[in-house]
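Order of writing sets the chain letters: A, B, C and D. Residues in each chain are counted from 1.
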Amino acid sequence: MRLNLVYFAWVRERIDLPSETVETDAKTVAELITELRARDARYDLAFSDTTAVRVAINQELCEFSSALADGQEVAFFPPMTGG
Amino acid sequence: MRLNLVYFAWVRERIDLPSETVETDAKTVAELITELRARDARYDLAFSDTTAVRVAINQELCEFSSALADGQEVAFFPPMTGG
Amino acid sequence: MAVSVQVDAFDIGAELGEMRKDTRAGALVNFTGIVRGGDDLVALELEHYPAMTKSALEAIEAEARARWDLIDTRIIHRVGRLALGEEIMMVAVSAPHRADAFQAAEFMMDFLKSRAPFWKKEHFKSGTQWVDAKDSDEGALRRW
Amino acid sequence: MAVSVQVDAFDIGAELGEMRKDTRAGALVNFTGIVRGGDDLVALELEHYPAMTKSALEAIEAEARARWDLIDTRIIHRVGRLALGEEIMMVAVSAPHRADAFQAAEFMMDFLKSRAPFWKKEHFKSGTQWVDAKDSDEGALRRW
């Protein structure tokens, strides 16, 4: 399946990319992260401490255990600091 | 001793006077109220429910048991409703 | 730190703009009380005890500043006759952090309601009535 | 009920003035977040997730309106680069009564801090740093 990945704040800076499309068979966000970390040192660094990373699927906050489906937008970012 | 009495809101309206000077030997606010009530039906009505009356001596909120002294300004008014 | 008691309207934006100039402030909380319509109310009349009002408000400001880490405080309270929708009063608090600003603003409002010498009289289409103090206002003081 | 995400400054006084026009409102609470100085900070940079931001803010407004008796709510959040003393964002709540307005404003701020997709980067005289989320911000959600 195909996913659109988007990155923000220091996750974006570490991966050095604002967004990309990936082909993956990962069933969950956690599996997707494992795949990404295996790719490249930049991803490995960005996801080295997953307690500091939040994820949203189709613009809704979700969990690392959440299931993925074709065509989704999956966003990774640090804990939010607005306000 | 001589006291300056000031009245506000419906206490003022019931007594029909904003302020007055009185000569009294009342030792406490409570004694002063008893004297005033004996004077006239307007005072008797204004002080008929003392749970609804607040008192300040020299612009400081105090109690009915507070002692009086010559030259003080004693204010009577309903519970405050600012804000 | 300043209190004003006045007949005239005030400009909330300008007041908050002044308080923002201190760059130690990260949080600014403002409460505005407004003449609320209903029951054929046409106006609100505010009476106060001039000799006591400013010192009572200043005491509330001083107590808030002793309890929380604040940069500045401001109270403006109007007196006289106010039409529907007019602002009655405002409290504003600036602080480094938002929790202090919120708590201090709520504290100041609670004490202002029950400890500052203002009295409201409602003017209806037919007749007038002094506003009764609410038990809940006195109760609100106990949480502080 | 409206949310805005924008680069430009906003006029707090004008926003509050709009909300005051509804005479069912007796209480208006406003929170303004300001770029606070210190540690040689020269500017704050706000990044956000455009596809998600408005819906996240609208969800916070809707939840506040479900929990408290409110007349209107307003959120404005700026993005981009902001200098010291500039306003970052505001939340405003109008309600018949003050307790609802205060509680809803605090609730909205707590959720905005930890649930709306904004990220702050601090620009110092030498270097930059992403602001870390505070444990206390996540903890603040638990009281609601």
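Basically, a residue touches a chain if its C-beta (ideal position, glycine included) is under 8 Å from a C-beta of that chain, and two chains touch if they have at least 3 such contacts.
Which chain is which protein? Per UniProt: A, B = Molybdopterin synthase sulfur carrier subunit; C, D = Molybdopterin synthase catalytic subunit.
Worth saying up front: this structure is predicted, and the values here are computed from it rather than measured.
Using the contact threshold fixed earlier, the set of chains in contact with both chain A and chain D is empty. Annotation: 48 Å between the Cα-based centres of chain A and chain C. If you average the CA atoms of chain B and of chain C, the two centres end up 26 Å from each other. The centroid of the Cα atoms in chain A and the matching centroid in chain B are 72 Å apart. Each chain gets a centre from the mean of its Cα atoms; for chain C and chain D, those two points are 22 Å apart.
Residue positions of chain B with contacts to 2 or more other chains are 83.
Shown for chain C are the residues that touch two or more other chains, namely 33, 98, 109. Applying the touch criterion to all chain pairs gives A-D, B-C, C-D.
Across the complex, chain C is touched by residues 6, 8-10, 56, 59, 61, 73, 75, 77-83 of chain B.
Against chain D, in their complex, chain C makes its touches with residues 11-14, 16-17, 20-21, 23-38, 84-85, 87, 94, 96, 98-99, 101-102, 105-106, 109, 140. Chain C meets chain B in the complex at residues 33, 46-49, 51-52, 55-56, 77, 88-89, 109, 112-121, 130-133, 138.
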